[in-house]
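Chain IDs A, B, C, D, E and F follow the sequence of writing; residue 1 opens each chain.
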Amino acid sequence: MVDTVYLIKKPADFPIATLISDNDVLILIQDAVLRQPSIDNWYACKEDAVARAIKIPESRLLDYDDILNLIEKANKVVVW
Amino acid sequence: MAKKNAVCIIKSNPFSWKTFEALRQAVGMAMDHNVSVVFIKDGVFALTNWHPEMIGVPSFDKSIEALAMLGGKIYVDKNCLDDRGIVKLKDFGVEIFTKSEEEVCKLIKSAEVVLIW
Amino acid sequence: MKLLIIMANNPYSSDFNTMVKLAESSLKRKDKLSIFFMGNGVYCLTHEKLKELSEKGAKLYYCAHNAEQRKITPPTFAESSSMYGLSKLIADSEKVIHLV
Amino acid sequence: MKLLIIMANNPYSSDFNTMVKLAESSLKRKDKLSIFFMGNGVYCLTHEKLKELSEKGAKLYYCAHNAEQRKITPPTFAESSSMYGLSKLIADSEKVIHLV
Amino acid sequence: MVDTVYLIKKPADFPIATLISDNDVLILIQDAVLRQPSIDNWYACKEDAVARAIKIPESRLLDYDDILNLIEKANKVVVW
Amino acid sequence: MAKKNAVCIIKSNPFSWKTFEALRQAVGMAMDHNVSVVFIKDGVFALTNWHPEMIGVPSFDKSIEALAMLGGKIYVDKNCLDDRGIVKLKDFGVEIFTKSEEEVCKLIKSAEVVLIW
């Protein structure tokens, strides 16, 4: 069960650390794919990573359909 | 139509049009929803005695008043004020509540809609 | 799902690409999609991509005040609205994606 | 002095205020002032402040390609130009202030 | 004699350190007035500082006329 | 009309329209002036094999070619490449010179016009 999906737009511009719990998911989009976070529950927008030629493990990559599926199942989505 | 708990987080400094638009949005929402506006990071400069008209930006004092009148709540992160050496807030004629980072997180977690500016 | 995208950034920003791609994907999965343009987002109203999204089923709204301020002539397929109109859209949506 | 301001940011940016204030001050000291609008800077063309600057003696130019792309109808007091036109303006200027 | 006038727009977004020599001048404008640099040869745009209610010593403040006078006398101006 | 030494510094990443406009500007200037374009900081990503069309941004390959044809020089800060783990540049069919930070500074100092993007 996903509580909050956080969409992160800028490199290393993460929400307040205490805000993220185990049930939350971070998705790096746009330039945020340039730096990878040190926490565990993160994914990246596949198209934004591939377009920028940034290597991110396949298992971390989500296409837009995946992102919308996650958002639908979550309690809310926050673009940080 | 559902009345929602909406939280508007203002993290950018107010020295462009962003905060003005954010507060206009918050006022609109306060007619239907429970709205909390939270100033964090450089957003806290919005509550100081600065002079928007000097740099071609409109004042949002009226939005702050309207927000309070419609039952919206205004919060500011205490740590972010301290970090910036801000000791005195401008008197908008409305109550501004200080919150700890932990309390701000709780507010965000319990919200149904969160809009970050 | 009932999805609302609030777009407050100009059409030459990365937010514009994110908006278009999320919208296209959302329409493909038969979401009820609304997009609200405000602030510099009203500059998107004259972009050809919007007509496409509208034709595919997205409902487009804009803050009339912001459009007038920026001297934009909005296309007929977008609906004139206000911050109060946005509030109603938020009430009717299950998820809100705020791009600013 | 012969001053050129290149404005590539929108009228709701801090750069807009900087441009207006530098321009007003420059005109007061009888500089030969040119302002060139390109990229999102062409969105400034419909702002009322520009007419004022033009009347006070500033020469205003814009990249016609960028204006067309953004579907802006430029005012008659601004002159249609190009990147090559900008190059000529740079040649003729003593100082260039680049706001982007 | 001023060589280069650097106009700085964002807090702490200074040019490459080795670029600044004793004959150069940094002028903080816009949001750059929010953080003061540790080097010595800097000024701030008076209006931008006063508008933001940022306290900066009077001797460091320049109005737009001062800024243009400095720019005129310098070899060049660079908006960093 | 004076032919000038102009330096265009591209410090922002290329994943929006900025770099595209910067290079269009540089090409225009190269018709009259000695133009050097220098990629520093995240600007160096412009020289990798990325895919602009995927994110709705036009390719600037033609501008790079035109710039070189008009005698413009293209430089990249070696340190900035190393910091980002970039080992291989895209082949634009034109020569791209690597420079040290010190050399970049010299270039800027000796220029008459400097435009930062």
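We adopt the following convention: a residue touches a chain if its C-beta (ideal position, glycine included) is under 8 Å from a C-beta of that chain, and two chains touch if they have at least 3 such contacts.
On a predicted model such as this, the values are computed, not experimentally measured, just so you know.
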- Of B-C and A-B, whichever chain pair has more C-beta contact pairs: B-C
- Message: Measuring centre to centre with CA averages, how many angstrom lie between chain C and chain D?
- Response: 30
- Item | Between chain B and chain F, centroid-to-centroid distance (C-alpha), Å | 41
- Distance between the centres, which are taken as Cα means, of chain F and chain D, whole angstrom: 24
- Item | chain E, residues touching no fewer than two other chains | 30-31, 47, 76, 79
- Note on the structure: The positions of chain D in contact with two or more other chains are 12, 14, 17, 39, 96, 98, 100
- Note on the structure: Residue numbers in chain F touching two or more further chains are 15, 17, 55, 113, 116
- Return all touching chain pairs. A-B, A-C, A-F, B-C, B-D, B-E, C-D, C-F, D-E, D-F, E-F
- Message: If we count contacts the way the header does, which residues on chain D are in touch with chain B in the complex?
- Response: 12-14, 16-17, 20
- Note on the structure: Listed in rising order, the residues of chain C that touch chain B in the complex are 6, 8, 38-39, 66, 82-88, 90-92, 96, 98, 100
- Residue ranges of chain D touching chain C (in the complex, touch as defined): 10-12, 39-40, 43, 46, 70-71
- Message: Show me the residue ranges of chain A that touch chain C in the complex, using the header's touch definition.
- Response: 7, 9, 29-31, 47, 63-65, 67-68, 71-72, 74, 76-77, 79
- Item | In the complex, chain F residues that touch chain D | 1-4, 6, 17-18, 21, 24-25, 27-29, 31-33, 113, 115-117
